[in-house]
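Just below is one structure, and these are the notes that go with it.
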């Protein structure tokens, strides 16, 4: 017996069909944009090369390290600026200023200091994520239920306990949104670091395939990124469901 | 709360101490710099006044700002409307989420060729890429917010026979607004970044294009002024955003402060 | 050979097949023999980040065409030193190519692709049209401007836009731009798609220069590590000599290039083989600089003499 | 107009990590259209659970509920409710006025009539002049009264209230009780109300349903045979009233055995 | 041990879009240490606002509050509260047990003693066996009792409760009243409690503070001169009890003028 088809599969298949249609008869036909079948061929080639896995591993390392460092900085910082008006106001200008500076713009500067290395990629990821994520966490921390907080204050509970038992759980949905976006942003920035700054990883594959006009290979790599993106989101959502179990749905 | 004049000044002072410290440190550390990539801040500022306190400012900033506003406004609309619709239906979420996650994980550099083919190299392409990128955080925050609506509020709406769409637009959506605004804020950042990045391809207008050309022609001072201008613009855009947010969410802030 | 401790270096490149020489020198032990151990070849998408990397010491040598090197040296004051040639033209062929497009096609792997329906037949037809280059103010733009000017057109009226070479053909085909700068294999692709190659701007631009692409390092590094610089120069000299000696040698070098570019060997061998000069001469630097000044890409007269490091010449 | 409800053999249990928790077992009861029914029982017995089943918000794990003669599928038409968790049932982003008019929107009432009705129902619960306030600017009791005003403003056929007067003072409570009685008389609404105040239950209702036990069942349905209209002073001084309240009280405490009192 | 509170000339007003809303004006009153004080008044008069000022959560716009002889800066040590909005005062992500033990943690109580105390206080409010439940799995009245259990488990010096028995049935209410009296007797806690039930106010307290007016002031402080220990049956049958409750009731309604009843 066939089980029910998971919606994710249905959606992906539908999207692929649309793509194939667009590149065979639709608006993308007769251009260098490859079709699904061409891409699939290139994907098979990629998947059978050791190089691909080395780069994939580099990308994942870079993205994970950047993501973890960024979250490790941003969440405590976000709690701080969410708790203290002084901290919030102090950092407002600085954060708003830095968070809109695109990673691509500062790549030449970062290369200068860190070189075209994995560290550079990690730095770029941290730089891109940390400000926005701090603000996001701060907003979540402010969202804690006032009655709950007042109760805790009445019982003389320490600030730490208020954070641990009221602020963080309430910030849950905010952090979840931030984490989901950050996780895929980390992936994207790690690619950009390779594509523009010469950092290792799958970005280099895209750089090379673009330079040599190997579009199916470009798309195959992009496809892999998309699939990783789905996987990452699944993990984040799953974790979030476990963590926000009390929300009766 | 009535804002007395000294309170206002105090708030400005609090907001200023970190930037002032950074600028001071930068100024002193770079004063003697011989590194061509890190010129003295004094030179950068000199160049900044020269470049941007002129008509050049309008000519350069206007195209960027126009694209940004168009793209972001579209993203807000699409993100909130689509997010509410998707968030309001369990099956909607299941089918839409993989696609959203897939699209989000693709670097714009890879999708731009497709955009160029579809939209050309003019405003349409730029606005489209801004919209697509900035819609994602708004969409996700809206879905999350609409989905985690207060159970009692939704039940109230149900027993009073608000239609499904009323439940969605009048109860779930407003309740989700605080979270949606956080998504809008993230979207704002992304929209601005993509505004800049989209100028790296195509016609030589806008602040991103200016900065890129400067970098590629090794006009390092110009590039630095471009980066500073971006930051300042980003900040100003955020100020406007904050005002809108304060107004829309006054019930929320009132409730948080007082209860 | 005397066993000596090799110095570790990293080298920056862009993904073009002329970097095969570097890779071949690594693989065949030429570097090792000259006391150098290349630990990593870093691929940059364009010369400017490579120059930034060399300026910071993240890599010790990097590939760049002469034009960005002059830009960096003049505009930003990056204290670069051109140590060795990377690719270029043979002078006699260059002269022949000026009149014969067939020869030009074999010499120069860049081209400007345009739609024939737009009535673009020669350089000055580009006036007032939209033309794409990979980066503003860099090699492609400078050379196209020179070509248009030479042809009696006014390059100031051109509307520039930036697109990677790989996307220019599609953009021309779909009518989004009127013409675009591309490199092989897209020049071939351009013609395959029924589009027209207006010309080879490199051939137009360079007259007697023989080195177009060069290897650079920074002055402080060159000063502190004369032995390494000499070793590098010597290695490149040897591999260039080797590559130019025979077709078979060249093919070996091209095969090595696929390690960097990751294209299939068949594709690499099908392309026009690069020309590898042995030295960078003064005119290789001063002429482009002068033209850049004339065309308005530099604001003051360039003093580029200092840019050129003393070249390696084997003792007879 | 008014609605009859038939509850047949309704059971409800919750799955908890420590096992299944049976809350209601085989509850059967028929609500005659137009009657005022009070539901009483110890805290945690299952009153709210039963009400939620009647509003169609929760599906029982066993048994059926019929409203207007057909099985319940969701909140029946013409229903208005006051939930126990009243603070959370008001929308914090809407003013009091807008909160009350929210369920009225779809009824296609003219703008002027709408605001008149909002003002009127606010006045009935003693909250004149709070139209423009937000719920969180009001005291607990005031919020509860807004929830009551919202329910009444819809002119329901079926009114279900879960401890609607828990947070108001004695005087206001008396006023609200009389308001509910008046509304019920004027419009013939079927009314179900959970209350902890047994005097109140007897004072207001035609029948008092006593829930008791774990899992809970209907211990007894006490008919309140005191004539309408009732009055706070006279009715409460009626000896029959005293008799009934004593009886209900002992039922709730689980002291006396259910008996037919009629 | 027990705490005295001096309220001097406290005023409170809120800024609203429609203007300033004066809620309290010149409230002065001294709470003698160890006394049980009930605060009564019509819905929306300002009882919760006054309690919030006493807990140090809100700063009054005028006047001062002294606790243990020094001006209040925030919630005083040894305070325990049951807020009016009890559902929102429990942490939905913690079990009942954890909710109760959270404020105890810092008191360095041994693990075993801790869980014993949690179990004990749950038993006192009649919630044995709910340790592992989450608040949202409990009925309204049960949640309110969890909040009470949490307050009692801390063995406070000062207990402030805002309508703590609003959602429980009559029998449980009596039990809880007696529980509060017992705890107060055993530990000599100063207790302030807002209630709408005037019988309850009189039954429990040494003094009943009646708030009245817009803006509200202390209309009268009624001393309850009935001896402790009190009993649900005897005390409530005491003629003095009837006298007092009638007096307080008419004060709350704004009918009788304040008089010295002692």
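Per-chain residue numbering starts at 1, and chain names A, B, C, D and E are given in the order in which the chains are listed.
Throughout what follows, contacts are C-beta pairs under 8 Å (C-beta built on N, C-alpha and C of every residue); 3 or more make two chains touch, one makes a residue touch a chain.
Keep in mind that what you see is a predicted model, and the values were worked out from it rather than measured.
Undergrad: Could you give the fewest steps needed to travel from subunit C to subunit E through chains in contact?
TA: 2
Undergrad: Would you identify the chain whose Cα-based centre sits farthest away from the centre of subunit D?
TA: C
Undergrad: Need the CA-centroid distance for the pair subunit B / subunit C, whole Å please.
TA: 39
Undergrad: Based only on mean CA positions, could you tell me how far subunit A sits from subunit B in angstrom?
TA: 17
Undergrad: Whole-Å distance, subunit B centre to subunit D centre, using C-alpha means?
TA: 49
Undergrad: Could you say which residues in subunit B touch two or more other chains, in rising order?
TA: 37, 113, 117, 200, 212, 215, 255, 258-259
Undergrad: Residues of subunit D touching 2+ other chains?
TA: Residues 85, 88, 137 of subunit D touch two or more partner chains.
Undergrad: Of all the residues in subunit C, which ones touch at least 2 other chains?
TA: 48, 52, 55-56, 167, 170, 174
Undergrad: Which of the residues in subunit D come into contact with subunit B in the complex?
TA: Of all residues in subunit D, those touching subunit B are 55-57, 74-75, 77, 79-81, 83, 85, 88-89, 91-94, 102-103, 105-106, 134, 136-137, 150, 154, 160.
Undergrad: Write out the stretch or stretches of subunit B touching subunit D in their complex.
TA: Interface residues on subunit B, with respect to subunit D: 150, 152-153, 155-163, 166, 170-171, 174-175, 177, 251-252, 254-255, 258-259.
Undergrad: Provide the residue numbers of subunit E that touch subunit D in the complex, in ascending order.
TA: Subunit E reaches subunit D through residues 14, 16-18, 40-49, 84-85, 87-88, 132-133, 137-142, 145, 162-163, 166-173, 196-198, 249, 252-253.
Undergrad: Can you list the residues on subunit B that touch subunit C in the complex?
TA: Contacts found on subunit B: 35-37, 112-113, 116-117, 120-121, 200-204, 209, 212-213, 215-220.
Undergrad: In the complex formed with subunit A, which residues of subunit C make contact?
TA: Touching subunit A from subunit C are residues 12, 14-16, 42-45, 48-50, 52-53, 55-59, 164-167, 169-170, 173-174, 185-186, 189, 261-263, 267.
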